[in-house]
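Sharing a structure here in structure tokens format.
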Amino acid sequence: MAADEPREPTAVTDDGLRLSSTSRTEAFSDGVLAIAITLLVLDLHADVSAQGSLLQTLLRQWESYLAYFTSFLTIGIIWLNHHAFFERLRATDRALQWANLSLLLFVSFLPFPTAVLAAHVGDPGLNGRVAAALYGLAGTLMTLPWVFLWRHLARAPHLFRPPFDAAFARREAPRAWIGVFAYLVCAGLGFVSPYLAAFLYLAIGVFYALTSQGWSSLPGRRRRPAPDQA
Amino acid sequence: MAADEPREPTAVTDDGLRLSSTSRTEAFSDGVLAIAITLLVLDLHADVSAQGSLLQTLLRQWESYLAYFTSFLTIGIIWLNHHAFFERLRATDRALQWANLSLLLFVSFLPFPTAVLAAHVGDPGLNGRVAAALYGLAGTLMTLPWVFLWRHLARAPHLFRPPFDAAFARREAPRAWIGVFAYLVCAGLGFVSPYLAAFLYLAIGVFYALTSQGWSSLPGRRRRPAPDQA
Amino acid sequence: MAADEPREPTAVTDDGLRLSSTSRTEAFSDGVLAIAITLLVLDLHADVSAQGSLLQTLLRQWESYLAYFTSFLTIGIIWLNHHAFFERLRATDRALQWANLSLLLFVSFLPFPTAVLAAHVGDPGLNGRVAAALYGLAGTLMTLPWVFLWRHLARAPHLFRPPFDAAFARREAPRAWIGVFAYLVCAGLGFVSPYLAAFLYLAIGVFYALTSQGWSSLPGRRRRPAPDQA
Amino acid sequence: MAADEPREPTAVTDDGLRLSSTSRTEAFSDGVLAIAITLLVLDLHADVSAQGSLLQTLLRQWESYLAYFTSFLTIGIIWLNHHAFFERLRATDRALQWANLSLLLFVSFLPFPTAVLAAHVGDPGLNGRVAAALYGLAGTLMTLPWVFLWRHLARAPHLFRPPFDAAFARREAPRAWIGVFAYLVCAGLGFVSPYLAAFLYLAIGVFYALTSQGWSSLPGRRRRPAPDQA
């Protein structure tokens, strides 16, 4: 790329709105998501220096592996969704930048409730319940920015690459709402059974894995010539 | 890109100054900023293994969440500013590279005063005041490179993409000075009330969030056809 | 790149399969691999604060350096393989994305068995054997996605750039199987001698280093005009 | 970039040598360097939870700030050198890839001797001397790959972009040798005075900062129309 050549031009819409190309936003988001997903392993280290049988220590902390795998899958899916989401955009505006930053905030935060869940899900009494509920609350916060992103695109469809449009954004929004409510319900169930909630967080990950490129990728909906097939 | 094709050419000005294209500098800076922002979560882990009520432990460390959120917002804004800054450049020179490295130095350092603030802002006596002042000092150091960057561009406007020019650099410089003085004042206020200072650091973040694309993005200034609107 | 210009277009094959360009997948994978390889150093810090002779402390933890170097070499090679692998692709599909994510999952996990190996390989009794076997198990899991990747490409050769084809994928697959079995055998040998297994993990790294661009890079096979020479 | 379009083509020289474009190598190296430079801050956290006066604790660990700043400057300079180095290349080969990986190995390792230096440089007796010597040894290992890189380019000048050539590589090689010997001498001086060595490591960083774009950037040599001025 020649140093004098224009790069990442910004466009101005009729109402003076400032638009930016998406490439550096994607690079920064990729960085944050990649680091958050890789930092998860640091919480597996804590108990290794304990005395006694290493095998028992390794087996006893199975909740740590479950929490590690759940959060890895969850962040991995968020990355896939993020990737598919930005592939459909031709530009970003300020509202979208802030929604993206708040998504990154809550994803970066996830290693903390993951560590709390791993350390306390098996605790008797209130502690296990609090740990399970905290993870669900973090999941809710992590899903809310998607609701905002889709709603914003329904009102600002000029940010889409054709053929994606406001109708497409309205069709995708419910998937984000489902996540918000699923995490809230599980956070509540965590007060009944922390272990049940922990496994349901994994199940939410699997659900999103199956729909990571939009509704249309669910079995039986693949043939419809919707815009997301183009 | 063909392996034989020229890539990232460097230009030489009449006085033999060496210019580099900005892309790899942006990639490295994105990496450092993304890592610094994501490492902040590691300081939330410390107190989780404490005995007793998990709920009380989680609620008691609210200063940690405040410090985490403040520093996340601050680094996020620096990234937005950095992004907007480099979008206006067509090349870098050595002075700009070193100013950028010193910016990255102080941003990378921020997790340390953040951890100190979180752990000690509530301490009675001198400790809380020192923790609050340290954060303000770190904020001052983190803002100084921006003063240098804008002053340098005022004298080296050939690094800008048109239509940005020396006059634009001179108009933007005060925003950096405001940050320097705001952090210094808050560091001083930290000796009066550590908690007041902690909340003011958050307020500084909010101020910069509202002006992250330059002065012109403040309400009421949006219509002026300044270069940063192009 | 103009904001209105199509970017990273996706292609649709006759059966409606969705293909994505590989660039952002490579960027995310590079991020995860770069972080995992750099986090390894954090486990060298643990014992430094010990009392007594620093020189003895540094020398006594030679297993930590061995484990560090082995895992650094292993992840470095996986990066080289990953790089060479994606250079041969023109697109990804969903199966390939998930195989890649599972590869990243097990690579991100590697710092944990590395730390366990470093801390316990010299333990008498069962602990040393468990530590050695755990590393081999992690290595096996880390190699399995490659088996899947080559098998998938043998059935989906349209993802290759020419001249790479299904026959090429079938020729490369055994190299992944060798890794799976080598790590399994070493995990078993770890129950006989933990130190032997630790050195064999290093030897596996060296073997892959010598073949990191495919079979053809082994001495004596370089002149054959196979597709991987193009 | 169209999914069908050739990307990052590899060239084959007359003797069948495989060449790769440099872009993904640069991306991975940028990632490792950015992470290593940002992880340095984690070692500043250790002593903060100590009892007593926070101000005294902060002031007492001035060696930590010195070590942090020295290593940050050193890695920052390596990044600048790495950037300038790869800007002059049109392709990489396997020897260059391995030399680059060994450079990344020793840079990733640097946070460990940095932590040891910070914690022990002030220790009486042998411990302080060992800590100082260890840092110098790490510096030596970190500089050796540059010797190899320049020697390799002197023999493989086809990897250069014109007008850089074998003669240029031979002119740059001594700068790497100077680093090797400077770190070795300082490691030796560390046995006389650990503090002297610690400040000399900083001085080495400053020396490389002044010559980070090649010899010609030293004052008084700027006007010579050498290839690195083009």
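Quick notes
Just so it is clear, A, B, C and D label the chains in written order, and each chain counts residues from 1 on its own.
Keep this in mind: a residue touches a chain if its C-beta (ideal position, glycine included) is under 8 Å from a C-beta of that chain, and two chains touch if they have at least 3 such contacts.
Quantities reported herein were computed from a predicted structural model and do not represent experimental measurements.
In summary, the pair chain C and chain D forms a contact in which the copies contribute largely different residue numbers, shared numbers making up under half of all those used. The greatest centre-to-centre gap from chain A, using C-alpha centroids, is found for D.
A rotation of 90 degrees, rounded to a multiple of 5, brings the CA atoms of chain A into register with those of chain C.
In whole angstrom, the spacing between the mean C-alpha positions of chain A and chain B is 25. Chain centres here are Cα means. That of chain B falls 36 Å from that of chain C.
Multi-chain contact residues, meaning those touching two or more other chains, occur in chain D at positions 7-8, 10, 20, 27, 31, 35, 39, 42. Across the interface of their complex, chain C is touched by residues 1-4, 6-8, 10, 12, 16, 18, 20, 24-25, 27-28, 31-32, 35-36, 39, 42-43, 46, 94, 97-98, 101, 104-105, 108-109, 111-112, 115-116, 119-120, 123, 126-127, 130-131, 134 of chain D.
On the side of chain C, the complex with chain D involves touching residues 7-11, 19-21, 23, 26-27, 30-31, 33-35, 37-42, 44-45, 48-49, 53-55, 58, 68-69, 72, 76, 79-80, 83, 87, 90-91, 161, 209, 213, 217, 222-223, 229-230.
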